[in-house]
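A, B, C and D label the chains in the order they appear, each numbered from 1.
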Amino acid sequence: MAHARKVSFKLNGKPVEATVEPRELLIYTLREKLAHTGPHIGCETSHCGACTVDIDNMSVKACTVLTVQCEGAEMTTVEGLEQGGTLHALQQAFHEEHGLQCGYCTPGMLTRAYRLLKENPNPSEAEIRYGIAGNLCRCTGYQNIVKAVQSAARKLAAAG
Amino acid sequence: MKVQLNRTFPLPVSADTAWVLLQDIVSVAGCMPGARITDRVDDTHYKGTVGVKVGPASLSFRGDIEVKGVDASARSLHLFAKGTDTTGSSAASMDLTARVEALDAASCNLVGDSEVSMSGKAASFGARLMGPVADQVLGQFAANFTARLQPAAVRAAPAPAQAPPAEGKPLNALGLAWALIKSWLRSLFAGKSS
Amino acid sequence: MIPAAFDYHAPRSVSDAVKLLGQLGADAKLLAGGHSLLPMMKLRFAEPAHLIDLGKIAELRGISQAGDEVRIGAMTTEDDVLRSPLLAQKVPLLVEGAGWIADPQVRYKGTIGGDISHGDPANDQPALMVALDASFVLTGPKGERVVKADGYFLGLYSTQLADNEILTQIRISVPAAGSGWSYCKLKRKTGDFATAATAVMLQMKGKAVAKVAITLTNAGPTVLKARDAEKYLAGKALDDASLNEAARLAMGICDPTPDQRGDADYKRAMCGEMTRRALQAAHARAKA
Amino acid sequence: MGDMSDAKEREQKLQGMGTSLLRKEDARFIRGQGSYIDDVKLPGMLFGALVRSPFAHARIKGIDKSKALACPGVAAVLTADDLKPVNLHWMPTVGGDVQAVLADKKVCFQYQEVAMVLATDRYAAYDGAALVEVDYEELPAIVDPKKSMAPGAPVIREDIQDKKEVGHGPRTHPNHIFTWEAGDKAAADAAFSSAAVTVREEILNPRVHPCPLETCGCVASFNKATGYLTLYVTTQIPHLLRTVLAMLSGVAESKIRVVGGDIGGGFGNKVPVYPGYVVATVASIVTGVPVKWIESRIDNISTTGFARDYHGVGELAADKDGRIKGLRFTALADHGAFNSHVSASKLPAGLFSICTGSYAVPNAYCRVDAVYTNKAPGGVAYRCSLRVTEAVYLIERMMDILAQKLGIDKAEIRRRNFVKADQFPHTTAFGWTLDSGAYHPALEKVLKAVDYDGLRREQAAKRADPKSPTLMGIGIATFTEIVGAGPTKVCDILGVGLFDSCEIRVHPTGSVIARLGTMSQGQGHATTYAQIVATELGLPASDIVVEEGDTDNAPYGAGTWGSRSTPVSGAATAQAARKIKDKAKKIAAHLLEVAEGDLEWEIDRFKVKGNPGQAKTMKEICMVSHTGNLPAGMEQGLNAVAYYDPPNLTFPFGAYLCVVDIDRFTGESKVRRFYALDDCGTRINPMIIEGQIHGGLTEAFAVAMGQQIPFDESGNHLGNSLMDYFLPTAVETPRWETDHTVTECPHHPLGAKGVAESPHVGGIPCFSNAVIDAFSHLGVTHMDMPHSAYRVWQQCKALGLNRR
């Protein structure tokens, strides 16, 4: 039995610590040890993207990353998108454009779109579809999600 | 998942020499990559283990081997082996008829006809790999079989640093005995790659 | 879906990693992006006792130019490749190829070295590497050795990388100016392996083919180089007749495994189709 | 004038029916604060992992738990033998059969549940599961349902070998489940023998899986002290599930609480009762601590809730002008190893007899033969009502085939056979009464919108050009759905009628809580129901809270599936609200000192006719109803409960058109355009309706173009991860164009019909019709789904189209 070890990283701006076995996957640490149940588990084979979190400015599937790999990382989950009681433009837009139904893919979808807009503030529809292709949604057919990302991009641009 | 494999491997020894080894079940099993006879129930029933390693993946099966028939006149041996993997999520069986065909005084062919079948997770996820892997396993079997007949053949073999597989040690289904198998693989892909 | 227990090591330098690999031996696996290895471990098809994470070795990541050679650290991610201005300018085939790999999240983690070392015939980098005539730097206890990509891939999950070595760098001579390139990939959906894919590097002299490399993904136990097709095209114009014949020759060397993507017949035909399309696209990009 | 604008303003404030009110449920989801099953964490909770069979058919010779029990963290290992004493090793199914909770003596499908390992965390549980040693003796498996009833075929269900019937009439073979018929065979046969033209086609609805993004799971918590059992579970039917648990466990139904919480998509997958739920429940009852069981994706696709697997034969008889004279549809249904098909007791093949579609068919007959195979059980309705996709797929494909045979345009053949607007209500040859419809205008609107004639001209030009690298196909589907199960006289499950319910409580300040027997899985019930109440009671939707899914709070109902929610619970909501409104009117009359008859309702108030200045708003009445100032003998309060037993099902319809371009060298299909016109009667929230249609079309696209559950000859599952099972991403998914007409439902209090499943049911045949239309000029009449590039390429190759 491999011995457990302490891992520390920054989660939504706050330093956190967890004691984990090397085999523990980040998604379980976040959900079961750090009370961040926003990221979900949908496939376990890194296809669905429901577990997407932002690590060191990259969108990452937390079901396919070991917690021990995250020592010293800067992490953002859906819980970290709202700032000072104000929803992120993407959260607002998903609501206004009906970009979610059952809500299970939403945290991963939002976290992914967040990174997408940081890298490409004014994406075309094709760029958005390609950019969220690592996140599956069974409810919406993506059309309103694309609309939501476009609308958030406009709002963010306007806000400068 | 079932795959049929019919392969012929040239051996640099007389048919009789090869036939003697082929009848020694324990040694024959030892030629299967990562295989080992763990105990002998009776003359025709054995228990054993097989370890198959494919790149990072490895499965080890525990099960039974039955000698279905030995035909001295045809220098032919019929084996049936089946087992489940140690996690209980996959199972495999192999029905193998191996015979020796004389070519001339100093050489012969080892002819293997086998049907390998897989169940469980290995079948669900290994479909893409199963044919090639079974091929490699058979190729290695022949390589090890030859090595036993002709230790020199191994030392003479080019490339890899590693020594010929020790009995029971699971090997990379392609890595180690590669140099030896290569020539046979070439015959599989005759006129194609490599 | 929980992996069996293992111990984790995160060396900070290549030499430490090589030392560890030597100490731990066959029970250890190298961890790069992890998107091939970790799923296998979750299914308990792979149960290594030790994982050596190369992710903390800074010297293994980065893209640079040295003379007429582009050098890519083995732990450089597919996403780095996709966004590299240097590669876009010098080796655009790599950028086009990376864009076809998996999905955004996987490209952020997946590394070029991991893709190459895994030795899976369904991975895309082997075909790109052989088409570019790349070389690999393999670092072991006795130091470095440099091997050609062409010949490095031995078969299913099998390469010339020895158990005690680590692939540390990829070296690619900058293709001649005016070279055409293309990677054409047919897949069922985002995130799937190729049903068939072809990489082409092409130099034209006037209307005729001066030099061409054609490599095939997922068409056999390992990446295949369509040598007959390459030989045939040398000195010929790229027209319907020659394209058809090149495609036919490429199909000739395919030995695909039937699976849910299709039977051998379909996959072989798609190798031909991707080859023809990649040649056409490369031709359109090539400047004589 | 001012009055008018004032009224308008007040109406807008309500945000009632017809407005695209943004969803109330979004607030928690966009913050990652939904509460799904795997988020439930109770003190001392054990984690259960199932040991599953690698074989599709095998005898269990022994199970050795010792190694697993020795594994650190493992608390217990349960097998069938451990469940026997409490008689829970088998459970009844909704199909009238029984199903092994844990394999008893033999396994009948690959990945069948054999044992559950309970451990302190999921790591130890999975380690333990890998250490349970099961000794199997493999048996020959039946994978092809056509071979199930062959003489001497291996007997799959030895436990019921001698049973003469399994819920639905006599069995003719140990692997036979039932044979079900409807219609008039003699009349249909007669129509065929005298018809000018007949067509016949074998048409498969392949085995698929709903695959919601959240897998199935539960947390069972039994309190030994109080004897109370709480089950947090992924279910679309909390109340029926509670009833089943009571029947199974012997725990009084009043001591069982089922909590649905937030559900990460259902699409039918979360209707059945799964062995995992039962074992976790037993485990909690035995150990006295909470037990969590969460399915992996691979287990989900392999073992829970498959759909379809209907091997159909369609036949139509018509006159020379294409007017249908007779219909004969039969299907061989592969139910897997246990008959846990979700269906109403009296309808073993569900609503398959809706297969006359939108057309006036004078004579019809249909039959379904259900058989056992060595595959997972399930038979759920994947985003449709029971067997409706199967039925609609058959009729919509056969209409194209008939048109092709007669050389009649595929839109024209439909025009000629539609039930006409003035023929409603129309009783079909199978006895269904189609409530209302306007099929002709719907189709014409679509054809005009896409310039149908122009598309056909373009197609003709492409067909004439041998150099064209693509083949163009145009698909039409003009479907009629049957939803809102259902009248209790027709539909019950385990004896419980499929009515539904709503309880409304109005508070003194005019805010409202409404509780219902349904269960949202993303449909936006909290918003839609609030809008109904808002319009009915004249109180703002913003102050109306909707609760569902907790059986301790909500009134009994049959849950959310088969587009029941609006047709049944929506109606119950309206009726409960109207009871309250009636009482409110009496109070208003009392306060205004006029007769009830002198009052009229306007938006949010009762006005005295002819004296609009005199009025009482609902808000005022809410307060008064909690005082003593009430008509003599009237009780305080404004509460009501309504149980709604629909007089009939509802029949939404639509006209869809799809244009595909097929690469004849790779077989890839590109959807160039998809135009969907839906008529679901009264539209309560247009935004939500459009969202439901986008989702349904996307699932239809997945089914038609890529989904299927493949097996090898020994019953091994060959596509149970998301690598192989086709869930389209944003890149593969087409853009959807939506449109609508409104034909109200005459028997629904709001005129609404239900919509969520129409796009799935109507979309699938539309995609198939488009792909096959691309080949129809070459004599191709049918190609089975899924239309993957590989399969379409095989068609191209067979016709020599892939040649350069």
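Quick notes on this structure:
Criterion: a residue touches a chain if its C-beta (ideal position, glycine included) is under 8 Å from a C-beta of that chain, and two chains touch if they have at least 3 such contacts.
What you see is a predicted model; the values in this text were computed from it and never measured.
Should one ask which of A-C and B-D has more C-beta pairs in contact, the pair is A-C. Centres computed as Cα averages put subunit A at a distance of 30 Å from subunit D.
Centre-to-centre separation between subunit A and subunit B, using Cα means, comes to 48 Å.
Averaged Cα coordinates give subunit B a centre that lies 51 Å from the centre of subunit D. For subunit B, residues that reach two or more other chains under the stated contact definition are 87, 89, 121, 125, 127.
With touch defined as above, residues shared between interfaces to two or more other chains in subunit A number as follows: 1, 21, 23, 44-45, 47, 130, 132-134. Across the assembly, subunit C contributes 1-2, 4-5, 44, 103, 190-191, 260 as residues in contact with two or more other chains. Annotation, chain-chain contacts: A-C, A-D, B-C, B-D, C-D (touch as defined at the top). Interface residues of subunit A facing subunit C in the complex, by the touch rule stated above, are 1-3, 5, 21-23, 25, 44-47, 49, 52, 58-61, 64-66, 68-69, 71, 112, 116, 130-134. For subunit B in complex with subunit C, the residues that touch the partner chain are 54-59, 87, 89, 121-122, 125, 127-133, 136, 160-161, 172-175, 178, 185, 189, 191-193.
Put simply, subunit C touches subunit A in their complex at residues 1-8, 10, 31, 34-35, 38-39, 41-42, 51, 53, 55, 79, 102-106, 108-109, 190-191. Contact residues on subunit D toward subunit B in their complex (touch as defined above): 51-56, 110, 130, 132-134, 136, 138, 298, 302, 712-714, 716-721.
Subunit C contributes residues 29, 36-37, 40, 43-48, 118-120, 122, 154-158, 162, 220-221, 224-225, 252-255, 257, 259-260 to its touches with subunit B in the complex.
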